[in-house]
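Read from first to last, the chains carry the letters A, B, C and D; within each, the first residue is number 1.
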């Protein structure tokens, strides 16, 4: 289409007046796009006139740039000689301390048969993940109090184990929105997976396919949804997590594409209409700098740190200008019904009142969630909301399916949620850690651990099938156990 | 007026019989004043016959000495030659370890764009403040349990976040006593600011002027109130915090001066009729001594440490002999009404019973406060008092405006107080830390952080305006979260 | 019977096709048995064609192999010359770091008169036990939260001590199922004792005989039950802890043998129908390896760590294929009644509902227990179940005898359980620690400490006999004491 | 009376058959007394045939030996030459590491004017006290959980501070059993004071005399009661703490002597009928040994550590054979009434039920106490018992005077007890620490600190006199403050 361009020419377009970047050996004019970039213009300007592939690739699907740029902004391929130069340069480049550390850590990974639980997987991932990716995956909002309390909530619930009940045959399978699942567990909110592994979300898709676990795929998946759908087994169920943008046509296309690709439900994200400050993530590039011994490149006197310093190393993505902060029960649900026949689930319900509204308006399900403690600090732990719902409005459970996510790390956590009425539970970060640490087999391992833990605990509870898990088997205690997390 | 005096002559008046001191090159006879000094005579006697400027200046407004001494006690200026001698001496003086440490710490301050939250600001201030100033700002009463619990109280309140409510337009402005404020936040009890920055409280005045935040100015401000009033923008609102002295004429003059200077409300301090022992502050000169390697100068055998050892380095000011410990509902409120038309707010209400009395007697507002944990140990955290007031006497909120201060460090803290019925919240120490660390831009930064946090959290709560913040959005949980402070 | 076999010949049968092992100088063909081994085949295959005595001996009664192998699988004795070779080889073998550490630690044991309490005994045992044995004794399920909470539950109960009651004569003796006991204490669930001491459970039998304390002997005792019964004094009472296998004839024989040997009650284990993952125990061989500096011998890529890596050093015994997971109230109790006249006690009741069922079905007693925190994580602490039973169904205490075990470490713990209605309490690990540290005198010491603590505390409570311990003397407080364990 | 005896002769009576000891240069035959010694025979046998003065003196009143031995057992004085030999020997003896440490620590004591609170005093005492004395003073029963909880209980009570009440005049004086006291505070259970200071309890007597504080003097005071009574000012009030022995004539004499000496009330100790194991104290000689590098002198194999190893360095006094464990409401109170006209107070009431019995039987007062956490572990904290009494049986407060002791370290602690209905509070350990650290001026300092704290806090509470301290001013909160102790 276009003639080849030289590095020399590209390098003259290096500021906001005329800004070209190279991504995977193709040259793009992003001058106009600067102000539309969800992550803000600064992060692009850092690469103006240069190759931006290494910054672009881990956090965007390959086709993202096509979506946003007009054909005329596709300037054409880089010259072959210059491509070779870039390759040589990349090869000869001295590895950073961080790259060396990560490579070494990957060599030291324990064999998979020494992994006993999800905390073990996380521990490996924390060692092998690049600093910035770990910050992005693990961060919670502000002081991360909600992040911690999500998990600690499970420690307040104890079992009334029943004995002398035949459980040699114990069936942990269930149905979610009518779809078979080998466990009452699904993958929730695990996106940007390429940060942890080159195959990104595909590791989840493949691991879940074998184990018959449902994966919810995010609007912001780092692998194109079509590719994920193609990697799924014929019998495999995928759900779609929708971030509704302010642009209705974009949102409509997303939903209809998902339906066309065979996704089986729409999880509408309602708890992330603006993105809160995940301070761990914002700080991560600075910390890395210090580790690498680089000098500070942020100028003193800049009066607003939290927004414009989300520089290149930061994965803290600010999508506040594209997310629809004006969704409403009256408008958004009818619109969504009008464009899809898929069941609708609201992801991010955080109180009993909204659970009741959701039941009244007739959606097929709600996911009690505070976005894994990444959004509103002091949002109640989902398990506590579930408990309140059970206490105050048990009728809701018969009107729609209720799920929760946030802080689930053990088979007993899953069982507790089910005892209180959840149909299934979602896990996010554990899948990201699993694929980061071991790729697809890590995902398989994670599922097999959960299965062992769920089945063993069901038996010891006297439960031979999922429907045996009832509120009578569980109690919220009035003391504070010594946290299991303090041990890990 | 008076002829010049020599250092030699001054040096002969060096004890309680005849005590002269030099302050900013002027000589004063303080022999009679010794016993009236709010801080006690010993601290003055340490400088008898000498230059006391360095001790006087950071904790007194420049005009303080004029107020207290009669004209005949103003003995006149120091001789020009002696002034030069003092200057040379000061220049040649070897810097103390502490001065060197502080200067170095100021150089190492992170750029402002790396400050993400109020804890970051405090962390910088803790490094750059002189030891004594930090002790004075940060100290609480006795074991500082109340100080800690004030802040921890906020961690027990969680949100019932509401979703699917249009919040793209979110307005955080409100009115306080009818005056506009861009945030439901005001500056409370941040005095003696010159300890942290040469411009003292003026940093707050200017930072608040730009941001349209109301400042409460203290009786004991280290900058003259007239100067503060002059620095305010025409549209800017200032309140006056009155410490009522036993001398009624002094108190009357203070109030009427404040009204004349354009202050818009009188916050009568009712929780500091005597000053409690802030042990951290009392100990601070000793600790400094140890750091400097000086020998002990307190003689053994002295049987009462807590009062007479409040030596020169200590900023622990004992105003017990001037504060009116006999204020009463029956006498004090009518007196105050009789001398001013300004609205009256009681600062330091600590229980529901007194909130009710205040409403009955008809003051315009109450500030639920325990003086930032600096007065009565085991006074209930203000947020707990607010919660009780909401539970037990919600009618009070319709009779006067209710504010709280103490322990507020996040936008979510502000929102919690408002959900429970507070009209606005006060912050004190954070403003002192901000100006100590970065001067006026530190104050601006603090306000912009609070604004970002408040607006983001309001949106995630489903609140588009201040009046949307209602008790239904909040819940006091019955468990103890892992404290956010443990992380900091 | 059979002719002597050579080491050379044995060594040719070294895999699953033909697997021979030597145990105490006798050769066995375990090829067929591999798949029936409760611990799985891998652990045996590690010793295929070799001497397996050191691995076999500490965790099996000497007659175990006879029970499981047919006569034709007893291949005969090793050649005398080869026996001598093995002995020489064993003597010349270099001691491992672990063996050296243990030998040194045993020399450093404090004299018994410096042991003041059960925590002291445990501290000694933790030093002198081989790593693997300690892991096996001390491990709890998963994160060991239940293990910790079992003990912490006792800290929430405080006494209403009564004064001015004559207690110079204080009698701590009681009856358990009608049998005399010098203390309201019995030995519960302390098996596999040979791991800690060559005389194994016999140390307990002898120490309890002298002190008149009842011992419950486990199906999986490491000393033959007949030998234990023979070591008991004529007046001494023993109970039998039954793990019911799926093979009814095996189970029947076990019970009838026990009755014939003079055991006085059957404690049917109902909380261990499958064995949960005790991660501390599973990890123990790996940790030991690291200490010994050996290389890893588990191959990477193995996808299921938790089951097949229970290698030779691990004592984590997987009996899941022999335990009856289909016991029921309707079938199991009548069957047990039909084969024995002994009283039946259900060991492992974990909630009020099952305690009521047990009373209704007419068993003689229940042992409230969650298997010392070794089975279902988040099973309620037995003391909490006891407290609930007292609150909700006090009638149960008059229908059967109620015992508890789990977390008891002090005389006050025993007294608390009795105040709430327990007839007696069981201790397990403390007996294992006592015999590991000091053998039989350790067991005697443990009992004498408990007696001193129980009698002193009874006196200070105003109780002169066991029947004086009533619910009015105890209260569950609503705060969390600083744990005594944090001190130890 | 008797002729002089030589060291050589004494040294031949060195075992249980004939046991002589030298105390302050006099020789005694204690052969028969061995079995009657409250501390057991072993501790004496360690000094058989030798000078025992250094072990005897700190824990016995000088006249103790006279009381217990018959005239014929007073063998006479040591030879003058031998006395000189002993003195020379003592002078030339090499100081132990512990003696050197203590002497150095005493030199480093901070001047008294740097002592701000009771924790400061305790910190000094912990440094200057000999190891054994500190262990004896500080020890609590078993794990010291009760000891800690006694103090922590105060942290759960918060104030409803009242403002606008005239308090410039604030009177902290009260009456205890009708006797004037400058503060609602008395000295409780501070005996064996010679361990901390050569003048022992006299330091308390003198310090309290000046300050008009009442001292309770113990049966086991290390200074003769007559000497204490003689040291008191004419106006000074002393109470007597009675440990009733089984020997009624001894008990009667003690009470009647006390009355004759002018003591004004009898505090009958009811919570120490047997002495529990204070493990910290029992261990103290061993720890000291380890510090001194001495070899172990306890033989292995001794099967009962807790009783017979209370060797010479241990101050753990076992009076179990002399204390009356058969006291009763029916017998003991009438007996005591029959031998004295003094008011009777029961020291050691630990629950509401016994408080009611005491009121019914008509004693003049009760001291809610668990012996400072030194007796029954898990006895409720006295403040919690007081709170229950206020809630459940407020009528009791009008029938007798109620006091509490245990864990009081701040003026606010005192005020809390008074708000709940206590007439006064006792402090024990703080007085021992004060005299150990600074002698009599330490005691005066302690009282002046308490006065300052009490008066300041009363004013800030809006209380001008003791009778203003009412239950409305206080609240038991339902959260756990971060303990003030964690800071110290």
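As a working rule, a residue touches a chain if its C-beta (ideal position, glycine included) is under 8 Å from a C-beta of that chain, and two chains touch if they have at least 3 such contacts.
According to UniProt, the chain labels map to these proteins: A, B, C, D = L-lactate dehydrogenase (cytochrome).
This structure is a prediction, so every number in the text was calculated from the model and none was measured.
When the partners of chain A are compared with those of chain B, no chain appears in both lists. Homomeric contact chain B/chain D: same residue numbering on both sides for under half of the interface positions.
At the far end from chain C, in terms of centres built from Cα atoms, lies B.
Chain B and chain C have Cα centroids separated by 64 Å. Per-chain CA centroids place chain C at a distance of 45 Å from chain D. Contact with two or more other chains is made by residues 478, 480 of chain B. Of all possible chain pairings, those that touch are A-B, A-C, B-D, C-D. Residue ranges on chain D touching chain B, taken from their complex, read 111-117, 155, 157-168, 410, 412, 416, 441, 444-445, 448-449, 452-453, 456-457, 459-461, 472, 475, 477-482, 484, 487-488.
Chain A makes touch with chain B in their complex at residues 142-145, 148-149, 152, 156, 270-271, 273-274, 276-277, 279, 282-283, 286, 296, 298-306, 308-309, 324-329, 332-333, 346, 348-354, 357, 370, 375-380, 384, 478, 480, 483.
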